[in-house]
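Once you've had a glance at the structure underneath, I'll fire off some questions.
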Amino acid sequence: MEQVLFWICGVVSIVFAVMMILKRNPVHSALCLIVVFLCLAVSYLLLGAEFLAAVQVIVYAGAIMVLFLFVIMLLNLDDEVHSPGKPRMALIAGSSIGSGLILLFLLTGGVFKALSGTRGAEKVVAGNTQAVAELLFTKYLLPFEVTSILLLAAIIGAIVLAGKKG
Amino acid sequence: MGLISTITFLPLIGAALVAIGPREKSTTLKAIALAVTLLTFFISIGLFTGFAVGDGDFQFVEERPWVEGLGIKYKVGIDGISLFLVLLSTLLSVVAVAASWADIQKRVKEFLICLLLLETGMIGVFVSLDLFLFYVFWEVMLIPMYLLIGVWGNPARRVYAAVKFFIYTMFGSLLMLVAILVLYFYHGSSTGTYSFDLISCYALKIPLSMQIWLFLAFGLAFAIKVPMFPFHTWLPDAHTEAPTVGSVLLAAVLLKMGTYGFLRFNLPLFPEASVMFVPLLAGLALVGIIYGALVAMVQADVKRLVAFSSVSHLGFVVLGIFALNVEGMTGAMLQMLNHGFSTGALFLIVGMLYERRHTRLIADFGGLSKVMPVFATFFMIVTLSSIGLPGLNGFVGEFLILLGAFRTEPLWAVFAALGVILAAVYMLWMFQRVMFGEVDKEENRTLKDLSLREVAILLVMAFFIVQFGVYPKPYIDRIEPSVKVVLKRVEERTALKDAGRGEPIKRVIFTQHEKKQAVQE
Amino acid sequence: MINYIWMVTLFPLIGVVLNGLAGVKFPRKVTGAIGSLAILGSFLTACLIFAEVLRLPAAQRTSEVVLFTWIACGSLLVNIGFLVDPLSLVMLLTVSGVSFIIHIYSMGYMAEDEGFRRYFTYLNLFVFFMLILVSANSFLLMFVGWEGVGLCSYLLIGFWYQRRAPADAGKKAFVVNRIGDYGFLLAMMLIFVTFKTLDFSTVFAAAPHTLESGGLAVTLITLLLFLGACGKSAQIPLYVWLPDAMEGPTPVSALIHAATMVTAGVYMVVRCSVLYSLAPLSMDVVAIIGCLTAIYAASIGLMQNDIKRVLAYSTISQLGYMFLACGVGAFSAGIFHLVTHAFFKALLFLGAGSVMHGMAGELDMRKMGALKSKMPWTYWTFLIGTLALAGIFPFAGFFSKDEILWDVLQKSTVLWAGGAIGAFMTAFYMFRAVFMTFHGESRVDEQVHVHESPRVMLIPLGVLALLSVAGGFIGLPLIEGGNRLKEFLVPVIALAGHGAAAQHGAHEAGFEAVMMVVSLGVALAGIALAWLMYIKNPAVPEKLSERLSGLYRLIYNKYFVDEACAAVIVEPVKNGSLFLWRACDNKVIDGAVNGSGAVMLRASRILQRVQTGMVQGYALGFVGGVIAVLYIVFAM
Amino acid sequence: MVDTTQYLVLGAILFCLGVAGVFIRRNAIVIFMCIELMLNAVNLTFIAISRSLGSIDGQVFVFFIMTVAAAEAAVGLAIILSLYRRRQTINVDEVNLLKW
């Protein structure tokens, strides 16, 4: 059962990711991206990270993508015309992606080899959110506080940058 | 706070005073600067009077730890070699401030600060006995000079000239820094204590292979400063673009740091290498003499002509140093001072002409000696002194150098003496085109003669020009012992025979009984 | 009184200081007076010292007065001191005497010149340096006088600096002198290396046993010294500056280029007679060059039309005689001719000066003629001078020139023949000058109002004429004790005793008398030829010049020496240094320096291309970097 | 039970697609979205490995990554907005002021 669900999410997310890249209209790309995020949320569930799945849906699909859509709408961008003068760039991009993919496959193999020996028991931890919260507020308290400041900075930055120019 | 430290840092305090002073009232600023430089000069006369004549070693030595960890000490002191160079710097700083009274209009405050900083740098270089301290002052002296040329030079190519001057000297001094560090570590490894102290470095036994590289590194830095033949192209540019005062100080004092460096560092620290490089450096010096004189002949710009004449004169000095005998080196020391006065005065004179006519091309002048008779007499005296007319200061130094060179290698003297003829040719040709002939150009007719201030300055220079020529004994008595010390240090570890006579290294010439001696040796 | 010798040189110095610095406000008379009195002072002191030395026995006549040490460095010790001995006294007397007379003369001659004060300052400075040169006690001090005199001749030749020609002539004189001084300088260094000192007394005392006679060292020293002498006394290679030196005021030519400065070379050779007698090769070189110069200069003198140029070439020729005398070892004869020449040559120059003064600056003899009636006093004094120069019996020139010719005959008949030809030519061109200016029909154009010079100029002419006549009697040949000058000089020249050819046997006397008549005859023949060509039928010179036009033009243009030396020396040096500066300095060295700067610039421009401005290009860089790192870390 | 390698492969593919998207697309916002995609791919690998290691730390990291992503998105969009306001375009090629 889990296997089937994984394959569905995997295929759907890849298909929609490719569509996101190829779509002319930015809004369509945004929508495709939302679908990809949802599939990922499902995979998090499969991996037993319910809390993160929820956060994923809320934060990414909910907040960030809405923000994206909002900005796209604000700038009412027309379709991206295929800029003529850039065949060269596409070529480079294509080749680099190809090589990148191959390399990454190698790496994942390599990484996995290093990790293979440590397959711990996949115990499903009850109360995933409690565990995450407990860990978050003990061991990772400092990063937690730092991220709050980071968010504050981001807010101020966004206001200043996008604020009403005099 | 010993005598030397006061002299070195008084101008610095003066610079601070000027910095505080009111910007718009430029005359008060100049007055402060003049007062400070005069005070420094009078104190430095204390050095002269307190100097023990017969003693060749360092006197007035002050030593205070600076950075113990690295073994860097604040050690200063003078001997016969640096005594008169310090006096020259203090005196010429006074002359510089006086000469720049009317000359500099814009940014007077910064100008005076640069001048006083330059003075500190100059004196510091001549008095420091710690290699690190020497290098610090060497760089300190560079920056104000760069600013002097770059900011107050004449607008045409001053930036090019300033940058060229800076990069040329910097290139050389970086190599010197490397050499100093090598010396430092070698000193550490061979004697256990890491120190930059010059005196203890003198005692080091450096293997010949290392000596050669160190000699070349130090030598290059000093050769660029002298300037010797291949490295001299910065001098004409720096001189033509520098303000009058800038080129006076540049010619009179800064050029001497190169030759002083040879005497203070290259010869005593690396004797075997020095003896090895004598033919090379003497050769370059000879080329410098003849080349400088020949090229000076065809210059259309007076300042450029005088610059090339300095290349020729300093070629003599280097030849004197590398004759490696008492007469040659004492003559070289004297010629350094003479060149300071005669070329300094020449630049002052050209500056005065430039102030009146705002041009330096010889062709623009003609028949000035009728229009400005007082100016003509001073110009005549200085020209004759730079030609080396006996009775004036140039001759004593030049004759001793030629004598020293002749003792070591007669051929050197034969070529070097050619420089004496060429000097007469280009100086008199220039003098004739500027001063004689009829007053054909309209602007020359209305030039006003020297003001009282200008006469006072030139009188000071003329006094020393004559005094050196007629009675050089007090200077020679103080220089000779220190030169003998340096020579003895070179002789101890090289093939040269007894220090006093400084017999020629290779062959002895002419007289029968000396031939017999040569056979025995 | 001897140790007041430094007073002799001090007086002119006081004159220079007074006239030069304080004299701006003095009226002309006072300036002239100060100048002349200063020289008179030194002349009188010289006479007092001369009298005192005369009373001393011959042996102790040389003494040295040292003032202070000038340079004491290493093994070199030079002090400022003066040598009082017969030779220097003779020179002192001649120099101060003649210059005093010329000072008086120039008070009149330069009366209306606006550079009057400057002129007297320079003249006094010149006499100061000349007296130092003559009475120095060491080579170095003599060199000080040597170059000082060169400087003053530069200043005085270029006195009228407004005009271009004098300025050029001055510069030429100084440079050519400097070339001579180059030789002197090298000789001094050689002497110092050999003897460890530069003082005359020690050098000449040590010379015979330190230097091997005829050896390389002594020959080189003497030849270099002679090069210096040639520079100063205008001998063959370095005489080019003297004819141009006539651009200066005439009293200057009289003083510097006739009486004193040019004789400095002869004095130096005589002073170093000890060294020269040790180097026979150098003696021959001196003699040959002397003889050559005598003939060569006389030949050019034949064709000159400018009266001062004629006298200039005759000076060069007479100097040739003096060197000829020294070359054959007759140093005292050389000095004797030097002294007499100083008198009559100064007289001739001053005479020419007063002719110029009367003719409002006209120098070209072709525009003169029949001035005899208008300027009688000048004519008669000029005639006496010419007779003395030509070597006619009772006059000074006869005795001194004859003594030289006689001593030369002892050595080699060829040189004697040269000397005789020279004498013939001298007599010819001198009388040609006299006939063209004073006799024949007047070619003077009308508006020139010819007048006799003022008395202040004529008295000096008279005195010099008297000296030209009486001068000869201090060196009478044949009669015992007649040659008082030679006896007086013996202590100085005796040092070189064995070199001199002084064996006057009894039977020689008759032969010498015959030779005196022969030289007198040669001189008279010259005069007769001149009279024939310029008085009897003036057409002859034109006809002669057409027929030998090639030779005539050659001699007239002074053998094209000036143009040749300009082309051979001056141009190549100028172009060479131009090339040196342009090619070597600018292109090579500056090129390398700026080149390194340019290379840096070009390299940085290539690197700039990386900044394409394309954001994605940079991203590509990142990814590439990441891949590379991962590859290295994991796959390697 | 789905083993971790498959998740890692999925994450890798998504990541490469994100990278490709960044190069291919001209529109700044779409590039921005691709970057978000890449971030999520990384999150996926994090969680997959955290599960295989059996420790929660990985998930906490993902949590932090998400906050950073949010902050970054906000600021990024603000930048794009001001860029658009100034240059009236967000086509990456035309924003090449830093070009030499």
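As written, the chain order gives the labels A, B, C and D, with residue 1 at the start of each chain.
Methods note: a residue touches a chain if its C-beta (ideal position, glycine included) is under 8 Å from a C-beta of that chain, and two chains touch if they have at least 3 such contacts.
The model shown is predicted, which means the values in this text are computed figures rather than measured ones.
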Pair joined by more contacting C-beta pairs (C-D or B-C): B-C
Furthest chain, CA centroid comparison against chain D: C
Approximate Å spacing (C-alpha centroids) for the pair chain A, chain B: 73
Distance from chain D to chain B - Cα centre to Cα centre, in angstrom: 68
Inter-chain centre distance, chain C versus chain D - centres from mean C-alpha coordinates, in Å: 100
Separation of mean Cα positions, chain C and chain B [Å, integer]: 37
Overlap residues in chain D, where contacts from two or more other chains coincide: 19, 23, 93
Numbers and ranges of chain A residues touching at least 2 other chains: 89, 92-93, 96, 100, 107, 111
Residues on chain C engaged by chain D in the complex (per definition of touch): 608-609, 611-616, 619-620, 623
Sites on chain B touched by chain C in the complex: 164, 168, 230, 232-233, 291, 294-295, 297-299, 325-327, 330-331, 367, 369-370, 384, 389-391, 395-396, 399-400, 402-404, 406-407, 410, 413-414, 417-418, 420-421, 424-425, 428-429, 432, 435-438, 470-473, 476-477, 480, 500-502, 509-513
Of chain D, residues touching chain C in the complex: 19, 22-23, 92-93, 95-100
Of chain D, residues touching chain A in the complex: 1-2, 4-10, 12-21, 23-27, 29-30, 32-34, 36-37, 40, 43-44, 47-54, 56-57, 59-60, 62-64, 66-75, 77-82, 84-85, 90-91, 93
Chain A residues within the chain D interface of the complex: 2-3, 6, 10, 13-14, 17-18, 20-21, 26, 29-30, 33, 36-37, 40, 43-44, 46-49, 51-52, 55-56, 59-60, 63-64, 67-68, 71-72, 74-75, 77, 80, 83, 86, 89-90, 92-94, 96-97, 100-101, 104-105, 107-108, 111-112, 115, 118-123, 125, 128, 131-132, 135-136, 139-140, 143, 147, 150-151, 153-155, 157-162, 165
